[in-house]
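Consider the two complexes below, in which chain A is the common component and chain B and chain C are the respective partners.
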Partner chain A sequence: MKNTLRQIFHSPKFVGGFCIFVFILAMMIIYPLINPGDPLERIGVETFSKPGIYFSMYDASTTKTSPFRLADADDKRVASKLSMEDRVAMVEWFGLAEVDVEGVSMDDTETLLKLWDENYSADKKIKMTQAKKKYFKRLNNSIQSLKAADKMEVVSKNPESGENETVTTIDKNAYVNVSDVTNTKILPLGTDNFGRDVLKELVSATRTSIGIGLIAGIVATLIGLTVGLLAGYVGGLVDDLLSLVTNLFTVIPSFILLILISYSLSQDQRGPSTVAVVIGLTSWTWTARSVRSQVISLRNRDHVNLSKLSGHSLVRIILTDILPYIASYVVMAFILQVSSGILAESQLSLLGLGPKTTVTPTLGLMMNWAMLYSAHLNGSWWAYFPVILTITLISFSLNLMNTGLDQVFNPELRD
Partner chain B sequence: MSKFDPNTAKPCLTGRGVTKVFGMGDKKTVAVDHVDFNFREGEFVSIVGESGSGKTTLSKMLLGLINVTEGEIDFMGQPRDISSGKKRKEYWKGIQAIFQDPFASYNTFYKIDAVLLDCLKMTGKGHLPMEKKVELMTEACSFVNLRFAELTNKYPFELSGGQRQRLMIARIFLLRPKILLADEPTSMIDACSRSTILDMLQKLREEINMTIIFITHDIGLAYYVSDTVYIMEHGKFVEYGPAEECILHPKAAYTQRLINDVPKIYEEWDLSTV
Partner chain C sequence: MKNYMKYFRKKIVWFLITLVFAVILNFLLPRLMPADPVAAITGKLTQGMTDASAAQEVYKRYAEEFGTNKSMFEQFILFVKKAVRGDFGLSFSQYPRSVSNIIGSAIGWTVALQLPAILVGWILGNLLGALAAYMRKGFDKILLPISLFCSNVPAFGMAVVLLVIFGINLKIAPIAGGYDASMIPNMSWKFFYSVFTHYQLPFWSIVLISIGGQAVGMRSMSIYELNADYVKYSRFLGIKDRKIVMYVFRNAMLPQITGLAMSIGTMIGGALVAEIIFSYPGLGSTMYAAVTAADYPLISATTLIITIMVLLANFLLDIIYAIIDPRVKAAQFD
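Moving on to the complex of A and B:
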């Protein structure tokens, strides 16, 4: 046993997969400790906030500031506020007013503003509709506001006198250290459509989904292995009966069966473990068939005959002479069942037939929410891409471990 | 060459009308068709036939690994009874086998020691202290010119084909059965190892007065080693009798053909009759 474990951990493939899987497991355990609380707590009022560090404007305005003189600060400020639409409108006005803008780039904020200041006047006689005239007036106002005063006053209304009182003035050159601000919120993956922390949700969803995958995999492998071993080794009538059942389950598309079973269970009964068992009950046929065919080819092998001649019992022959030879197949089947269980859950959840919503997140439900609220159309990649990546990583690491195990279980494959 | 005397030896395995049919209806195949035989104690019997003649099926029936469709088999003068697991276990103490493929005969996941320890357990020596067991295993290995100390803790795939087949003989040495069924034990190994193995089988037979049922496709080999030869064609024995008589004066056309197929060193080999 010790020897086998050592061999397993000497296989680079297994260790690679194991490290990825352990990293995912560690995240599942450690992250809730760092960031405790309900993963489905709605912290955001708006949907799909971008990933990043958020800090309270209210607190920042009263936080101690340090002045910096940065040469390009003004230009950057104006450039970031002057949208491309405004720039196009400015050039349009220059054209109407016959101002020479030859050779001036759209990105050259400084020259554009200088030309505007020199030439723009609301009273200038230019042939255009009243609406257009008003539009340019508004544009001028917003451009003027960009070059606002050096200071900004924060004013609050005195509840007694009803008069505005200056709370603080904010200098253009005043900077605040983010760590000094009392209330900050780090959202590494932003928020989702309900304003929930995506990373926190993802960690919780990964845990549930791996659980669903494992339960589905164990159920499917146990049923498949038992059916396959009995049908293959005992043969005869037992084989005929079990093969009939297996074929029946194979002929009925398991996904349709899955949908029907899920649909017939009410919303309240459809917890993650129920869904996992349902997935397991519909996906064992593949394991059963491959185990059966393996066992049939093994049962007439000379080493099995020799074991019989050595007086070993049926159970012992199955356990020592058959099972080790198909162990890699069983492990492979189990691993495929786990990843296909996770995928099946996502598919069911996408159709709204997954576990009961809004109680526990699963990877499938997160995809479902992202899709329902068009995250893929409005560019909110953080709501679905990390989910896809997690599913891929789980499945990749499991398969890598499987390949490594295959080499250990099958001594003739060893390097 | 041997101490076997056909006039005084008692029968140990006899069969009457033994038949094996696979499948049914249109797919019915009669692998072994009503064969009668009488194998005697201490006899070296060869069953000769080409591939598909039913030799291996017959051997599996004799071993009790597959059911007999029709016919009776007597073991040591009594009707053979292998209806329960316990009775089968008892039967297998009396009859053992060496298989054709030395590479497939071992469970790859267990060390060689396990194979030999199983034999000690089967012969009721499982309770002996480890030193005594090692001594017995060393004795068995040295009988087949292997050194137990070199083999212990090794996996079967670390051994050569010849070594594995010799270890199988060591296993028989420990089990000391009444009958040994050797199903083409030399067909997968080279000619040098082949003579060693045949020599060991002869030695073992003399040592423990065992009947050897030697299954082969090589009639030349059968002539050199056997007391009695059974020629098998399409599931039937077409000819049988003492080796000298059967092979030097063959009656059946099939036997003559088999003899012609043996390559000879000093004569031109006539392939046209094949």
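Moving on to the complex of A and C:
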């Protein structure tokens, strides 16, 4: 046993998969400690806020500031407010005034502004209509005012007098340290369509989904193991019957059975654990097949025959003489069942047949919500991509572990 | 030839058994559930209805439509009789279209998308897997993890990623539908071109996923075969490497056909969900629409049709397998 374990942990594939899986498990345990609370709490009023650090403008305006003098601050500010229309107009004026703008990009605000400052003057003799001339004058004024403005007043209404009172003036060069602002919210993955913290939801969903995978895997393995052991060891009519059932369920796509069963269960009955059991009930055939064929090859081994001659009971023979030999196959099948269970749940949820909504998030439900609110069409990658990545990583790590185990137990496959 | 016929007969009998079983399951599963399906459906339909007698009326109508007021056996006979005639009743959500009409217009899209995609994915995957097994070092080290990773991306995930990259960011492929929405299906080149461009993303998303799994399987199979005694013996005899490789791959390929037969059900499940992402007008999107609209007759018929398609594919693969694997033929002779 110890030796097998050492061998397993020497397989790079197994270790790789194991590390990824443990990392995901650790995230599931640690993150809720750092960021506790209901994962489905709606914090955002709008849908799909970008990932990043949010801090309250209201609080920031009265937070202690420290002045900075940054060289390009003005240009950046103007650039962020200069519309495309204005830029086009500027370039048009350069063209009329025969200023050389070869190779200057429309997005390069700094150069554009510099050229404008150097060249523009309202008195310059250029052939154009009076209306155009006025337009460019207005444009120049707005550019100059953008650059000149250096103070902003924050005003609040006095409830007694009803007059506006200046609370504070914000200087152009005043900067606030984010950590000094009273109310900040870090959203590493933004918010989803309901304004919920995606990372928090994702962690909770991963936990539920892995739970679903585990329950599905346990149910499938138990059924598969029982059927496989009985069919393989007892043989005869039992084998014929069980094999017939196994083969029938192998050819009939389990996904279809899942759809039929899930649809027949009403929305209220479809909790995550029910869905998990249903997935397990439809995916045991693989385990049954591989266990059966392994047991058949073991059935007539000497040590099994010896036990039979010693009059040991069927249960004892199976537990002590057969199970230890097929344990590795069962574990490998179990790992695959877990990963396919997680996938099955997500596919089911995408069809709208997943666990009951609005109580617990699962990876599939998150995906379903993101698709329903067309996150993929409006560029909100944070609502669906982390979900896809998580499903992929879980299933990748489990499969990698499985491949590693396979190579340990089947030396012919070793590199 | 006689033995072939015997084999085929056996396979046909097996196909029929599975078919009957599938029909029974399709009929029985919704009816075995603790909840009354008619109540569930009418519950969804009558949500917000204040008039109790109207709700009662709806319930009675659907009870009659499904025949839930008759005995289970009578219901089954009725169900089979209708199914054989291709009569699955009228759709709830797209009333007054018949279910068979809706499925008829969707099935072609699904077959034309999934059959080539799964085949291409299978072939490419096998080639890559064989290459990985033969090259081992280097190639194997890079290809295997990538293949494994790709095969673990869920089908809908790959679909979304391709859609966002090629459809939305690069704008080189249309993002939804089977053809341009402004067109009416006709026999012009323009229409075919539109169908072709809309075909790309769903097609490649299915191909990319099936490649990985097949490559990994083929690699293990090929390594098994490369270590077999006949390979060593052939080397002793001085047979050319290229020829041995051909033997090895032929032998390694055969279990892959069974593998395809085994996994086709799972693959179609994933591919159906990928269809939803692209709103491809196939059975997957039909099923999605049916689920959202609580259209029970349509769901029941779609699941039955998909099951029959999978069973047929399995049957055909069994036949092909027998034709190309001499060992199966030999096994049938005794």
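Observations on the model:
The rule is simple: the second predicted complex is superposed on the first by the 298 of 415 C-alpha atoms of A that agree within 3 Å, B and C clash if a C-alpha of one lies under 4 Å from a C-alpha of the other, contacts with A are read in each partner's own complex, and residues count from 1 in each chain.
As a working rule, contacts are C-beta pairs under 8 Å (C-beta built on N, C-alpha and C of every residue); 3 or more make two chains touch, one makes a residue touch a chain.
Just so it is clear, the model here is predicted, and its values are computed rather than measured.
Contacts of A:395 after superposition on the shared chain: chain C is touched, whereas chain B is not. In the overlay built on the shared chain, the residue A:119 is in contact with neither chain B nor chain C. In the superposition on chain A, contact of A:63 is made with neither chain B nor chain C. Look at A:311: by the touch rule set out above, it reaches chain B but stays clear of chain C. After overlaying the two complexes on the shared chain, residue contacts for A:403 are found with chain C alone; chain B is out of touch. By the touch criterion stated above, A:273 is placed in contact with neither chain B nor chain C. In the overlay built on the shared chain, the residue A:303 is in contact with chain B alone; chain C does not reach it. Note on chain A: of its two partners chain C and chain B, the one contacting more of its residues is C. Looking at the shared chain after the overlay, A:374 reaches neither chain B nor chain C. In the superposition on chain A, the residues of chain A touched by chain B in one structure and by chain C in the other are 412.
On the side of chain A, the complex with chain B involves touching residues 301-303, 305-314, 320-321, 324-325, 411-412. The touching residues of chain C, when paired with chain A in their complex, are 17-18, 21-22, 25-26, 29-35, 37, 40, 43, 136, 140, 148-149, 151-157, 160-161, 163-164, 168, 175, 216, 220, 223-224, 227, 262, 265-266, 268-270, 272-273, 276-277, 287-288, 291-292, 296, 299-300, 303, 306-307, 310-311, 314. Contacts from chain B toward chain A in the complex involve residues 60, 63, 65, 85, 88-89, 92-93, 96-97, 99-101, 104-110, 118-119, 122, 155, 157. In the complex of the two chains, the chain A residues touching chain C come out as 248, 250-257, 259-261, 263-266, 269, 339-340, 343-344, 346-347, 350-353, 367, 371, 376-377, 379, 381, 384-385, 388, 391-392, 395-396, 399-400, 403, 406, 412-413, 415.
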